Amino acid sequence: MVFKKNIGDLTVIRNLRLNQRHFLLELQSEKPFPVMLPGQFVQAFVKDAPVTFLRRPFSIHAVNFTQNILKLLIQIKGEGTRHLSTLREGEKLNLIFPLGNSFTIPHTKEVLLIGGGCGVAPLLFLAQFLNQQQIKPSILLGFRTKDDIFEIEEYSRYGKVFISTDDGSEGEKGLVVDHSLFQKERLPFKKIYCCGPEAMMKFVDRIAKFHHIDCEVSLENTMACGFGVCLCCIAPTDKGNERVCTEGPVFNTKRLAGW
Amino acid sequence: MAELAINIAGLNFRNPVTTASGTFGYGEEFLDFLDPDQLGGIFVKAVTGKNRDGNAYPRMAETTGGMLNSVGLQNKGIDHFCREIYPKIRNFNTNIMVNVSGSTIEEYMTVAERINELDDIPAIELNISCPNVKLGGMAFGTVPAMAREVTAAVRKVYHKVMMVKLSPNVTNITEIARAVTDGGADVITLINTLLGMAIDAETQRPVLSTITGGLSGPAIKPVALRMVWQVHKAVPVPVIGLGGIMNATDAIEFILAGASAVQVGTANFIDPQASIKIIRGIEEYLTRHNISSIRELIGALRTDV
Amino acid sequence: MAELAINIAGLNFRNPVTTASGTFGYGEEFLDFLDPDQLGGIFVKAVTGKNRDGNAYPRMAETTGGMLNSVGLQNKGIDHFCREIYPKIRNFNTNIMVNVSGSTIEEYMTVAERINELDDIPAIELNISCPNVKLGGMAFGTVPAMAREVTAAVRKVYHKVMMVKLSPNVTNITEIARAVTDGGADVITLINTLLGMAIDAETQRPVLSTITGGLSGPAIKPVALRMVWQVHKAVPVPVIGLGGIMNATDAIEFILAGASAVQVGTANFIDPQASIKIIRGIEEYLTRHNISSIRELIGALRTDV
Amino acid sequence: MVFKKNIGDLTVIRNLRLNQRHFLLELQSEKPFPVMLPGQFVQAFVKDAPVTFLRRPFSIHAVNFTQNILKLLIQIKGEGTRHLSTLREGEKLNLIFPLGNSFTIPHTKEVLLIGGGCGVAPLLFLAQFLNQQQIKPSILLGFRTKDDIFEIEEYSRYGKVFISTDDGSEGEKGLVVDHSLFQKERLPFKKIYCCGPEAMMKFVDRIAKFHHIDCEVSLENTMACGFGVCLCCIAPTDKGNERVCTEGPVFNTKRLAGW
């Protein structure tokens, strides 16, 4: 599927601080949105930041197509995200969107979504989308600690939510792959969608492969352009080096070399 | 209306704004953002003799006012270019120029010879300046005798406009410029990237898989301007200038320094419409300064006191 | 408390943070901002044989992430230095090193010989890399044989620690590094400024009176890091690294790449307390990473996969 | 005289737009001010500006030593000043101050101040200072047009104000040197202080020299450091190249080579 790419200023209508390291940007467009699917991302231009030079990629967290509102869930990492965290209502944010491919529509209703850290971002949009396909996924979210948790009610609207924290302060203690969901001989899932740190995704994929569950992951990468021309964002696949921003960011782990 | 058209080595350009190799894909990727037919030309990305996978990830590091890349000439080779890419882009109504790369003189010759057969490619840009492959062009671009030799060899098999793209990683850029002019270059383009390096202090590792990579973006503009100025004064062939051009003012600086045309590179990543905005900005500048043709600005830097 | 002290060619430094020649005056100008005795050392500005007025105004142009200068070694000459400056700075309790410049080998020798007599100057930095004077050091710094010759000549008359500061405007920095090592350099410092140019598109003139000038600041850091890394691997003598260091992270990157110490240059203009903040930042880094001495970091870049 | 240089954050307590191209920044310090004299300047750090790298110099426009308030009068020229024009109340501005020498105390009461464009900035502080020395100067201010004029009431508190505009829309028409003040055989001034574009200052100096009037000017210059270490800001004087930021910015025109 080919998506028409847009470039333009969106207006910040809300900048909500979720906790010390995360915030939620609600952006409104004057023009109607194009088709956008879960797993796709935007490239945001950080204006007036002395250090950042390139755009910054963020997954589409949620979309309201009737009101032309797009949400980004952002973790403060460095200068670029710190700067975006200071955006005020009414200010503009220039985006190129939508970029990349998307999660595929599953051929099953037994679906599990797994997110870690700010890798949870694209899963809300995905859960919403699955609901529209009459699928209520299970959603397993991993956080470092209780204080990092946010928006559980949002996810709960679309499926059953399970939580794990590294320190056990909420939900089960440990990594997502330690969760009791997986402590069974046969898992009740036929499809896993996963997004988070690479190490976590590889762990999840190992479980998926062991249980012969189809698994799609959204890869991390450092990107210069985000729309396929610089060839900086490469992942080795069964077809050689492919562009994470264009052939990805979502890959079926079957296709990833070295996984 | 000010006149933007120029002629470089017999080739007509609608305006002096083109896009740099490796930063514009094959042009297709920009169709959602701009109409390529408005551009002076497009330098498509490097084509080599055979398929190349390029370097391992990570290939990119952001730096102050720029970026490092170590893509390493990833492309599917000349056969694939002729068969798959050329048919899709040959009908763009602008000059499509192919960046020709290789590890040996024979490879450069093979690729150039094949491109010579393609009717709708009026020029090649010989890339003797890629810092990102072991046996890549950069060695050719830093030794005058080798620069001359590879240029002369390709000259024998390539009969249209031959541009040669120089590496800035040299002590004396005019020496290299003279060597490729002697070798038969019709046009000199410069600069390619500066060799640089980035380190992640937290992990205590290089950011790039290749340790070093090529620096581009506005950080390098002062070096690029200087080299365009030096080469413009040193050789009789026209110069195409690039390196950190972000806006029309930057482009005009290069033209004043002696560039007959410019290429927009890294700027395309940040604003895919940068090249079009630069064309409009040049037009405005000419009107504001009451200059009837861009040609009057080429090398027009006033250095009298 | 992590250990910051280092020893370079027999000379003790309280910490690896020094200030770069031409950006710190003679140290006195900073007394309102910091205590020089907290620094690892100070490289005072270029001293030549005779008084030099330097270049005409304008001498400065701001660029993206950096600046160009064409000061041109303005100073009052070695006599004035010995008579007027030395008595005022000799009692700073830190290493005071003098940047020695000239147009001829004889001039370098004369200046070095005079400085050899000054008890409280433990080292010189031979500047064979100034891009801003016609017969200035840069010619010496770009041809290996000349770099070797001037180093060897000064080595004969100068008997304390001799550092040689290299120009980045060369094809092969390791070649020059080897030449000055052969010539007797105890330490190599790099990099000096990159040769660049700025143009004012509105007036259509160069911004600098000298047309070209030296580029410094974070824009050049990737090039500087790369050269420090290359030279550290190529020669047995210690390296002092500089070029765009703005904060402690930058400094640590240079040390990981192989620098035994660093110099803070242009950053002093923007934050006159930058050098002191960098010392504190390095201390914090070592503590956070549980590293007992800065010496463990020198050249410790991890390049295994 | 040697001034102790300070570096620190001041708080913006007012940012007043005077007209399209000029604004007035009022900055308050927590610490008491050091000695500062008219003609001296500050080096301001433009935070969060992607293009500006070096500090920007601005003359001290006025000082309230009891309330620790310092005023800058700024003309929007490029990115740096544009950025400063967006500072909001409560934000911080980092300054190095005071820098440079100052206008000298005159040995006469017949004093004329001449300012053009935003060269008027240091003259308010100077006029205030002269009043403290029991001197009421004449003040001649040149502007492009009526709409550019500001703060005349302020200047009027300290001396008699004359105005000229390029287009004659206020005061006399023409350049300051065309003003009728100068259309006399003998001028009633023994000292002129002048600040503005170099061409204007040179014109004024020619008049001053013709009438044997002592003349001090505040030189324009592009500065990298502002405190004497980079040697970028040079003016040719009777002592060779001197630093405008340290030996200047105020020079008696007698000492300037080529004037």
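Odds and ends about this structure:
The first chain written gets the first letter, and so on, giving A, B, C and D; residue counts start at 1 in each chain.
Operating definition for what follows: contacts are C-beta pairs under 8 Å (C-beta built on N, C-alpha and C of every residue); 3 or more make two chains touch, one makes a residue touch a chain.
Keep in mind that what you see is a predicted model, and the values were worked out from it rather than measured.
Shared contacts of chain B and chain D, meaning chains that touch the two of them, come down to A, C. Centroid distances from chain A, each centroid being the mean of CA atoms, peak for D. Between the CA-based centres of chain B and chain C the separation comes to 34 Å, rounded to the whole angstrom.
In whole angstrom, the spacing between the mean C-alpha positions of chain C and chain D is 36. Averaged C-alpha coordinates give centres for chain A and chain D that are 55 Å from one another. One simple way to say how far apart two chains are is to compare their mean CA positions; for chain A and chain C this gives 47 Å.
In chain B, the positions touching at least two other chains are 61, 63-66, 217. Shared interface positions of chain D, i.e. residues touching 2 or more other chains, are not present.
Shown here, the protein chains touch around one cycle, each chain meeting exactly two partners. Contact between chains, per the stated criterion, is found for A-B, A-D, B-C, C-D.
Only residues 47-50, 83 of chain A touch chain D when the two sit together in their complex.
On the side of chain C, the complex with chain D involves touching residues 22-25, 29-30, 32-33, 45, 51, 53-54, 57-67, 69, 71, 74, 217, 266, 268-273.
Partner chain C is touched in their complex by these residues of chain B: 61, 63-66, 68, 142, 169-172, 194-199, 201, 203-206, 211-212, 215, 217-223, 225-226, 229, 244, 249, 252-253, 256-257, 285, 297, 300-303. If you check the complex, the residues on chain D that touch chain C are 4-7, 45, 51-55, 96, 221-236, 240-241.
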